Structure formats: structure tokens, C-alpha cells
Amino acid sequence: MPSQPSKTLERFSNPHPERDYVVHMDLPEFTCLCPLTGQPDFAHFMLDFIPDQHNVELKSLKLYLWSFRDEGAFHEAMTNRIADNLIHLINPRYLRLLGRWYVRGGITTDILIEHRQAGWENPHLLSQLPPVHWAQHQPGY
Amino acid sequence: MPSQPSKTLERFSNPHPERDYVVHMDLPEFTCLCPLTGQPDFAHFMLDFIPDQHNVELKSLKLYLWSFRDEGAFHEAMTNRIADNLIHLINPRYLRLLGRWYVRGGITTDILIEHRQAGWENPHLLSQLPPVHWAQHQPGY
Amino acid sequence: MPSQPSKTLERFSNPHPERDYVVHMDLPEFTCLCPLTGQPDFAHFMLDFIPDQHNVELKSLKLYLWSFRDEGAFHEAMTNRIADNLIHLINPRYLRLLGRWYVRGGITTDILIEHRQAGWENPHLLSQLPPVHWAQHQPGY
Amino acid sequence: MPSQPSKTLERFSNPHPERDYVVHMDLPEFTCLCPLTGQPDFAHFMLDFIPDQHNVELKSLKLYLWSFRDEGAFHEAMTNRIADNLIHLINPRYLRLLGRWYVRGGITTDILIEHRQAGWENPHLLSQLPPVHWAQHQPGY
Amino acid sequence: MPSQPSKTLERFSNPHPERDYVVHMDLPEFTCLCPLTGQPDFAHFMLDFIPDQHNVELKSLKLYLWSFRDEGAFHEAMTNRIADNLIHLINPRYLRLLGRWYVRGGITTDILIEHRQAGWENPHLLSQLPPVHWAQHQPGY
Amino acid sequence: MPSQPSKTLERFSNPHPERDYVVHMDLPEFTCLCPLTGQPDFAHFMLDFIPDQHNVELKSLKLYLWSFRDEGAFHEAMTNRIADNLIHLINPRYLRLLGRWYVRGGITTDILIEHRQAGWENPHLLSQLPPVHWAQHQPGY
Amino acid sequence: MPSQPSKTLERFSNPHPERDYVVHMDLPEFTCLCPLTGQPDFAHFMLDFIPDQHNVELKSLKLYLWSFRDEGAFHEAMTNRIADNLIHLINPRYLRLLGRWYVRGGITTDILIEHRQAGWENPHLLSQLPPVHWAQHQPGY
Amino acid sequence: MPSQPSKTLERFSNPHPERDYVVHMDLPEFTCLCPLTGQPDFAHFMLDFIPDQHNVELKSLKLYLWSFRDEGAFHEAMTNRIADNLIHLINPRYLRLLGRWYVRGGITTDILIEHRQAGWENPHLLSQLPPVHWAQHQPGY
Amino acid sequence: MPSQPSKTLERFSNPHPERDYVVHMDLPEFTCLCPLTGQPDFAHFMLDFIPDQHNVELKSLKLYLWSFRDEGAFHEAMTNRIADNLIHLINPRYLRLLGRWYVRGGITTDILIEHRQAGWENPHLLSQLPPVHWAQHQPGY
Amino acid sequence: MPSQPSKTLERFSNPHPERDYVVHMDLPEFTCLCPLTGQPDFAHFMLDFIPDQHNVELKSLKLYLWSFRDEGAFHEAMTNRIADNLIHLINPRYLRLLGRWYVRGGITTDILIEHRQAGWENPHLLSQLPPVHWAQHQPGY
């Protein structure tokens, strides 16, 4: 049976919960619909997290992102919703999600979300996260 | 009915006020008039904010920027006015606005404004804001 | 009396018509209206020409570009119209105009126009024109 | 009535058929389905053409690209089909289409298509086309 | 049934044999064995071709490259063999294969192969092929 | 007797345990199998460590990495396992391992692991570690 | 009456004294005379300030810089004098002036001046000032 | 028996003499002695060739380069000698050797040698050779 | 009377001792003799200082640097001597001198010297000094 | 006996006159005196030649360049004189000399000289000479 889009994110047990480590995922393939006009919107997500007891399963993440293809969503709400679903799924020590949305009305919008578990900290590891690559719209260069 | 320029900025409820997150907008299309000579001025704005209870609605922001097309305004006053209107509209936890004004009289002027709610702070999130891209005027290169 | 927008381009006699030489002008400040929606459009023009008996007068060019501020125009027609007006004014040996129009509908459009006088050629000089800086739209980098 | 996806590309009369000029369009928002697995595919197109009697209308091009959102298509066939439809619509003097398809099976595929009218040539103008930005997949840098 | 490595390359009919167009594929995942020592070798291939009556099918190409995982092969012979198999399969108008082999004995080796059908030519299209990215070994930078 | 893959990492006595110093190793040649599909996976590892009483022996590290060629492993588990084996072998003062896994399902995944001995610190030396080169997936540039 | 050079800097009331914001000006057009030899000197100034009750008026600044065209001045004295005049005029919360003087006697000289009001501080805003672009003389590359 | 330096270059039969293809080798590890002072000299060689009936065997090339470790040689003579030995060994259709010698007496010397078989030509393939990376000595940046 | 080399550095009164400011000088033209062989040595100096009651006079500095043209000096001694002479002359609040000496014996040597007055400090100003551009010798790229 | 500056350039027999090959030398250490003021001048030379029956001997070239240390010379005359001396010495098939003189009077001067033997040509080899790196003086960036 071929793959189907699905809202069901899956997780697996973190094989090394005794240690803080970073998982960085680049997710350039996302599209949904504009809730006002019904026209397609596109975004490129970047995800970083430090797992606690669970990790997100890669294939389910792909199918999950696919599942928004025919849904309407505002930029802020969608970016927060994806972050919330991931946080609810794996309750990570730290999570950061950047949503870079393609230009609309001549305006480019990026959304950056950060979450951390109460009481958790690891400043040296956080200082080595990838720099955030914000959209850099250069009409006319 | 087609779109019209409008001073009325609109807002919507922040779908996730329980969390600090950054909205970054690149606004390269702005023009107004010089209050002294009546000639056109151009600017490229960059906006970052961390919403509290409200966000700015994208289309109304576009129409709002359009509404200055036939008005005269000094660089400092206009940049502050836009910041003030946004702050009044959404009362953000943090807001930063950069106005990069095109060269006049051989001089390039950039204006950087920062605002934060009394008592609010989130140093780690602020440290991940986009770097400010100041104008870099290179005559003769 | 302050400056006014004007369709009247002015010219002056080329002080050195005995020689082929290049004039390169960067014109980042242009705005007109979309003829379908009435909303503002923005473009950044780049102009190169090799004069024959006349050159375009700089201040009149500024007022000329200003004069389109409240007119509707399609990208292709406007770019060609500006090129035509300049060609009609100064009948240059060579002229190249690039119009880089800001993104609309998720699509960036650039228009490149070239004109040369019948019988004129100067391949070595043309090979040293500035490279054309086409728009390079990078959503999500 | 809101916009709808549509296979009907529209054209308008070239306002300046007496002249060769280049129209360059950057089209980063394209998605269709894999005809074998039904999963989403993404591509970023770049289009250059020199019109003859007609140009492609921008909004119809946006709706046309949207219309493939729920269709299955092979990379080579889809890229050629889009080129064919544009050629059939406007019969351009020259057209070049690059389709950069996102990585599948660890392999990145780009397709470059060129077309020109029998007998037409303009080597100097063609030499100023944008360089082709081929995909540059760098896993592990 | 899961995928298996396979020497059987598959092809499909070129949907547009009436036209010359380029297919560019980036193939960074290749490993075989050194025929002298039995130790693993790695290479990164880049492929460009202009199809005639057939194209190579993407998934079969992936499985084909996989099939060398446990075979011994010299760099020159392997690169030529892959080129030969592709040429035999699809008899392309033009094909270029670059094999960039990882450093061995302190020496980096790249192999570049070109093939074209007797009598075929299309200089303008060939001039737009991607530049060859030769290995650039920089010990000590 | 030719070299054989081997799980036995070897170590030698640190010739200068009286001093903190960094060893940086770039390990671009790694392949194993996907535990779900049996298909090949590729990764590029980067290792930094500050030895205590022992260092890892280079040739045994090569044979060790080779030993996973025919084993199935999840990205997170494999990256942690390699880090664990090295830590168990040499009990370093500090160790950092980055695993950059090639794109699967349109998603690029990097894993960053840090370990340090209880009580050890050397902030100035750590501040001079190589920057982490996270994967930077750019489909469509 | 045409513009004249003038030592009279003009100011206007800061429209938003309730807020700290940065004004950045790039002033690449400055020339005076060497007080020893009478030959022309050139400098490129960069100015950043955070206004208190007043701002400097742009046109008067242009005419002020012009007024030194026929005066002799040492580098250090001139750079300090301009800073002093601006500080006296607008009593800013913060001011930074960089004078980059063109090479003389084979030596390039830059002067950096900083001033702040007693008791004023805003570390976060200062941390976002443009980096200082010191002259970088590269004879022989 | 362990490897030994050796002047004996070995060759193997070109597996595909029916085709012109390029072999590019980067040879950064070379040292010999200065014939005047007996001090060590270092060079970085880059080799490109198009084989005819034979190719050079990689390991013998490594041992051959090693064999000069304790010999004195002038830059020009050594570079030509290596080229000659390779040409004599494999009689290639084309061969290019660049010797980049490290700075001596404040002077950097590079030697570029080209050879081709009488009557052989393949302009399109030659146009795709790697660009020559000449030494670029930058004392004082 | 023409200029002559001279060991006599001259100073002038700091026109603004009430303020800390940085003077940055780039001094690429220096040559002396090797004290062992009598052969020429070359260096490129970079100087930063914050004056107290005096500044160094530019022309005397040029003549001073010239005065070493026929003297022998070791790298470390010469760099320290220049720093000492400047410190003795103007007793600066802060001074930093970088001497970048051209390659000798295959080795590039840079010397960095720092001095500050007892009790003086200005961390914010020091944090804005130019980064030190150490020599980066790249034979063989 | 230690080295002495000397006008006597020495040559040795080209070990491979049967072949055209390029010798490229980077000569960053040159100083002479200004014939008008007696003050030091500095230059950075780059030399390329294709020898015929002789090559220039490296050490004598160093001593030759040294020999101008106390002589006055105009830029154009000196650059031509060095080229002439080399041409007279070795009668090369081709020679190119670039002299990049340090800034004087705010002006950077480079001199480029080319020579070739009557009747000699080798277009393919010449097309691979290093690009000329003209001085690029950027005061004020």
C-alpha cells in the first residue's frame, strides 16, 4: 500500500536519553493553502531539537507535512501548530522551528519559535546550534 | 472592490500567546514624498517583533504602507511613526524596525528603532534575531 | 519653483561624438501602478548607452521617471516605453535597458531590451559592458 | 470570485514586436505528484523568452502552474509539457526553461530545454541571458 | 517486496524526442571496493545527457549504482563502465560523466568522460551545460 | 593479509596527557544500511576530541567505520553508538561528533553529540573548536 | 538662491525623544586641504548617533561638510572637530564617528570617536550598531 | 614487505582506448632537496591527461613521487622530468602538469607544461579541463 | 630641502585629550636588513592607539620607518623597538602593533604587541578595534 | 662569503627547449627610490615567461631585484628595464611582467608589459596564463 498523507506523527524511544544531543532537520518541501484566498502557499522549515525520552520518526514527519497540502492555514498559526505537535509528541528538552514563508503582497515573512523544558539548560550545546538563516529578500540587486 | 490604500492597520489574535516567538518581515516596497521638495523618497523596511496578544494582519500592512505614497514625511519621523502605529496596534513584547532610506544629497540614512514591553525579557531568543543589514554605500566600487 | 514630474526628457549635445564611450546609470527608484488592480508596482532599472549626437540630461531623467508614479502600466510595455523614449530622444549608437520588477504572484519578472543603430558596431566596447544583474529570487535561503 | 487553478494560459499582444527583448521569470513555487507513488514532488522553474507577437500573461501563468498541484507527472515530461504549452501559446522567437527538481532517491535532477523559431537569431542578446543556475547538491559540506 | 540492488538499468521512451534538452543528475552516493585491497572506495558522480529516443529511469539508476557496493573496480574502468552502460541503454545524443573519487594514497583522482552521437551537434545548448566541478583538494587550509 | 573491517577500535597512550589539546578528524566515507528498507545510507562524520590518557588509533578507526557497511542502523542510534564506543575506548576530556546524513524523503538530518568528563573544563580551548558545518540543503538555487 | 557651503549646522526637534533609536549616516563625500602642503585630502565618514532632544538636519550637514573644502586641517583634529560640532549641536545620548582618511605617505589613517551622555546606557541597542569598517589597505594583491 | 620509494612508474592498459576522457590528479605531497643548498623543497603538482593505450598506476605514482625525497633537483628540470617520465610511460593523447613550488628567496615559482600527440585534437574536451590554479602569494594581508 | 630618513619621531598635542578615541594606521611599506645575512627583509605593520596627551606626527613616522632601510634587525626585536619608541614618544592610553614579516625559510612570522597605561580601561571602545589580520600563507592553492 | 646585491642576472640552459612551458614567478619584495624625492618606493612584480634556450636563475634574480634598493627610478622606466634585462638575458619565446606600484599621491599605478619572439605562437598555452591581478585600491570601505 502506497504512502498516504497523515496527521499521525510517530515517535521512537530516544536510544541515548542519558545525553544531550542535537538533531537538525532541513525541511524544504512544504505547501498548504491560504485560508483567505484558497491559493497555494509555500514554506521552507528548519527544525532543531534536543530529545528527551523520544525522537520524531522521519517518515511520519514527511507524511505529516504532506497532510497540510490541502488545508488552509495562517503563517503564524501553522508554524506554531507544527511546533506544538512536535513538542506534544516528544516533549523535547529544547526545540526550535523556523518557518520561512514565500513572499506574498511583496512581503516576506519568517517565523521563529523556541521551546525548552522547564529547568533544562545546556548553554555550550545551544551555542553550537546552526545560525538561523532568515529570509533575505533582495528585489533589485 | 479593488484594494485601496488605508491607514487602518488590522490585527488578529495571536494564536499562541503562551509562547515567545519572532515574526520577521521584509518590506522592500515603500515610497513617500520629501516634505521639503515634494519629490519622491524611497525606503526599504525590515521588521521583527515578538507578539503578545495580537499580530499585525499582512494585507492591511501592505495597504498601510501604500497609504504614505502621497504624503510628505521626514525620515526619522516616518520611521518612528510606523513603529508607533505598530506598537499601538499590537502592543508587542518586542519590536525592532529598520528603515533604510535611499541616498539623498550623497548621504545614506538608516534608522533603527527598538521597543520592548516593560518587564519582558528573553535574551536567548533576542540573540537569534536577524543581524541588522545596515546600508553599505560604496561609491566607485 | 520646486521640481515637478515631467514627461519631457531633455538632451544635450554629446561633447565627444567622435568617440564611442559607454554611459552606465543605475536607477533604483521607480514606482508606477498596476493597470489591473491600481496597486503600486516597483522596479529597479539599469541603463547603458553609447551616445551618438546627444546624451540624456540627468535631472530631466529623474523627473521623467517620477512622472509615472500615478500611471498604470504593464511591465513589458513600460520597460519598452522608457527605452523607446530614450532612443527617440538621443538616437544612441547602442542602448540597453534592464527593468527588474518586484515579485508579484510569487513570480519575479525582469525585462532586458537592446537597441543599436543600423550599421554601428563596436564589439570590443560592448564586450566590456557591465554584466546584467538579473533578479535572483531566493525564497527560503 | 476567488482565483482558481486553470490550464488556460492567457496571452496578450506584444507591445513591441518590432524589437527583440528578453523576459526573465523566476518561478520558485511549483508542486505536483509523483506518478508512481502519488507523493508530492517540488520544483523551481526559471523561464527566459524573447517574444514574437505575444507574451504570456502573468496571472494566468500562476494559475496554470497551480493547476498541476494534484496531477501526477514525470520530471522530463512535465518540464517539456510546460515548455510546449508556452511555445504553443506565444510562439516565441526564443524560449529556455530550466526545471530544478528536488532530490529523490538521493539523486537531484535538473532539466534544461531550449527552443528557437526557425531562422531567428540574435547572438548578442542570447549571450546576455542569465547563466543557468544548475542544482548544486552538496551533502556533507 | 523491498528494493534490491540490480545491474538492470531501465529506460523509458523520451517524451519529447523532437527536441534537444539536457538532463543533469547529481549522484553523490556511490561506493564500491578497491580491487587490490578489498577496502571501500567512494565516489561522487555527476551526469549530464541529451536524450535521443530514451531516458534512464531514476529508480533503476539508484539500484544500479547500489549494485556495485560489493564489487571491486578500478577508478578509470568503473567510470567508463557506467558511462558505457548508460550509452548502451539510451544511446543519447550527448552524455558527460564526471567521477570524483575520494583521496587515496594522498592523491585525488577525477575522471571526465564525454560521448556524442555521430553527426549530432548543438553548440549553443552544450555551451550552457553546468561547469565541471573538479575535485579541489586543499590539505592544510 | 589484507585489512578487514573490524569492530575493535584500538587506542594508544596519549604522549602528552599533561596538556589539553584538540584532535580534529574529518571522516567523509561512511555507509551503512537503512534498517527499514535495507537500502544504503551515507553519512559524513566530523570528530573533535581532547584526549585524556588515550588516543584512538587511526587505522583501527578506519576499519571500525568500514565494519558498519553491511549493518542496518538508525541515524540517531548509529551516531550515538559511534560516540559511545569512542568515549568508552579513550575516556576523553571532551568529545564532539557530528553526523551529517544524506537526504532521505526530502529531509536532511544532522546529529550533533557532545560529551565531557565530569569536572573537566577549558573554555578557551573549546571556544576555538572548528565551527560546526551543519548540512545546508538548498534545493532550487 | 543656490546652495552655499556653510558652517551652520541645523537641528530639528527629535520627533520621538521618548525612545532610544539609532540614526546611521554614510558620508562618503568629504574633502579638505592638507595644512602642511595645501594639497587635497579625502575622507569617508560614517556616523551613528542616538538622539536626545534634537537631530541633525540632513541638508545642513551636507553644506557643513562642503564648507571644509578650502580649509586646511589635520586628520585627528578635523575628525574630533566634526564630532564636537555634532555633539554640541544635538547633545546626543550616544554618538560614534569614524573618519577613514585616504592614504598619505603610504600610510592609511582611520580615526574612531565615541561619545555618550553621562549616565545614559542601552547595551542591547549598542550591540546592534553597524560593525566598524576600518580601512583595509592592500597594496600588492 | 612494506612499500619502498621507487623510480619505476607502472602502467596498465587503458580499459577504454576507444574514447577520449580526462584523468585529473591532485598531488599535494611532494618534497625533494635543493641542489645548491641541500635544504628541503616542497611542491604541489596537478596532473591532467587523456590516455591513449595506457594509464599510470596510482600506487606506483605515489612511490615514484616519494623517490625524489633525498634527491636534489631544480624546479624547471624536475617538473619537466616528471612530465617526461609520464609521457614516456603512457604516451598520452594530451598531458598537462602544473608544478607549484613553495616560496624560496621570497619568490614563488610555478611551472606549467603541456604536451599533445601529433595530430590529436579534441577542442571541446580540452575546454572543460580544470582551470589552472596558479600560486597566489599574498604576504601582508 | 628634500626629506631624509630620521630616527626622530615627532609628536603633536592631542587636540582632544578629554576623550578616548582610536587612531588606526596601516603601514605596508617597511624594509630593513637581515642582521645575519645582510639581505633585505620586508614587513607590513598595522598600528592602533588611543592617544593621551600626544599623537604621533604622520610624516615623521614615515621617515622613521624609512630610517631602518639600511639597518639589520631581528623580527621580534624590531617590532618591539618600534612599539617602544612610539610608547615612549606619546605615552598612549593604549597601543597595539602588528608586524607581519614576509616569508623566510618557508616560514611566515607575525608579531603582535599590546600596551596599556596603568589604570586605564575602556572595554567598549577596545571591543571595536579592527580584527587582527594575521598573515595567511597559502602556497599551493 | 655572504650574498651581495648584483646587477648580473644569471641564466642556465633550458633543460627542455623542445617544449613550450610556462614559468610563473611572484616577486612581492621590491623597493627602490623615487628619482625626484629620494624617498623609498615599493612594488610587487609578477612574471610569466616561456623559455627558449635559457631560463633565469632564481637566486641571481633575487640579488638583481635587491640591487635597485638604493637607486632612483621612475615606475614605467624601471618596469620596462627589468623586462628588457630579462628578455636580453634569456630571449624567451614569451614574457609578461606586471609591476604593481604602491600608492603615491593618492594614485596606484600598475604597469603591464608583454613580449614575444617574432614568429612564435602557442595560443592554447597563452590562454592558460594566470589572470592579471591589477591593484584594486579601496580606501574607505
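Here the chain labels run A, B, C, D, E, F, G, H, I and J in written order, and each chain numbers its own residues starting at 1.
Just so it is clear, a residue touches a chain if its C-beta (ideal position, glycine included) is under 8 Å from a C-beta of that chain, and two chains touch if they have at least 3 such contacts.
Keep in mind it's a predicted model, so treat the numbers as computed, not measured.
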Across the interface between the identical copies subunit H and subunit I, with over half of residue numbers shared counting as same and under half as different, the residues used are same
For the C-alpha superposition of subunit C onto subunit I, the rotation angle in degrees, rounded to the nearest 5, equals 180
Cα centre of subunit A to Cα centre of subunit C, whole Å, reads 43
CA centroids of subunit I and subunit J: separation to the nearest Å works out as 30
Residues in subunit A with touches to at least two other chains are numbered 28-29, 42, 102, 104, 106, 108, 133, 135-140
In the complex, the residues of subunit E that touch subunit H are 36, 74-77, 79-81, 84, 104-115, 126, 132, 134-137, 139
Subunit J contacts subunit G in the complex at 28, 42, 44, 100, 102-104, 106, 108, 133, 135-141
Within the complex, subunit B is touched by subunit G residues 12, 14-16, 19-29, 51, 55, 58-59, 61-62, 124-125, 128, 130, 133
In the complex, subunit A touches subunit D at residues 2-3, 28-29, 31, 37-40, 42, 66, 69, 102
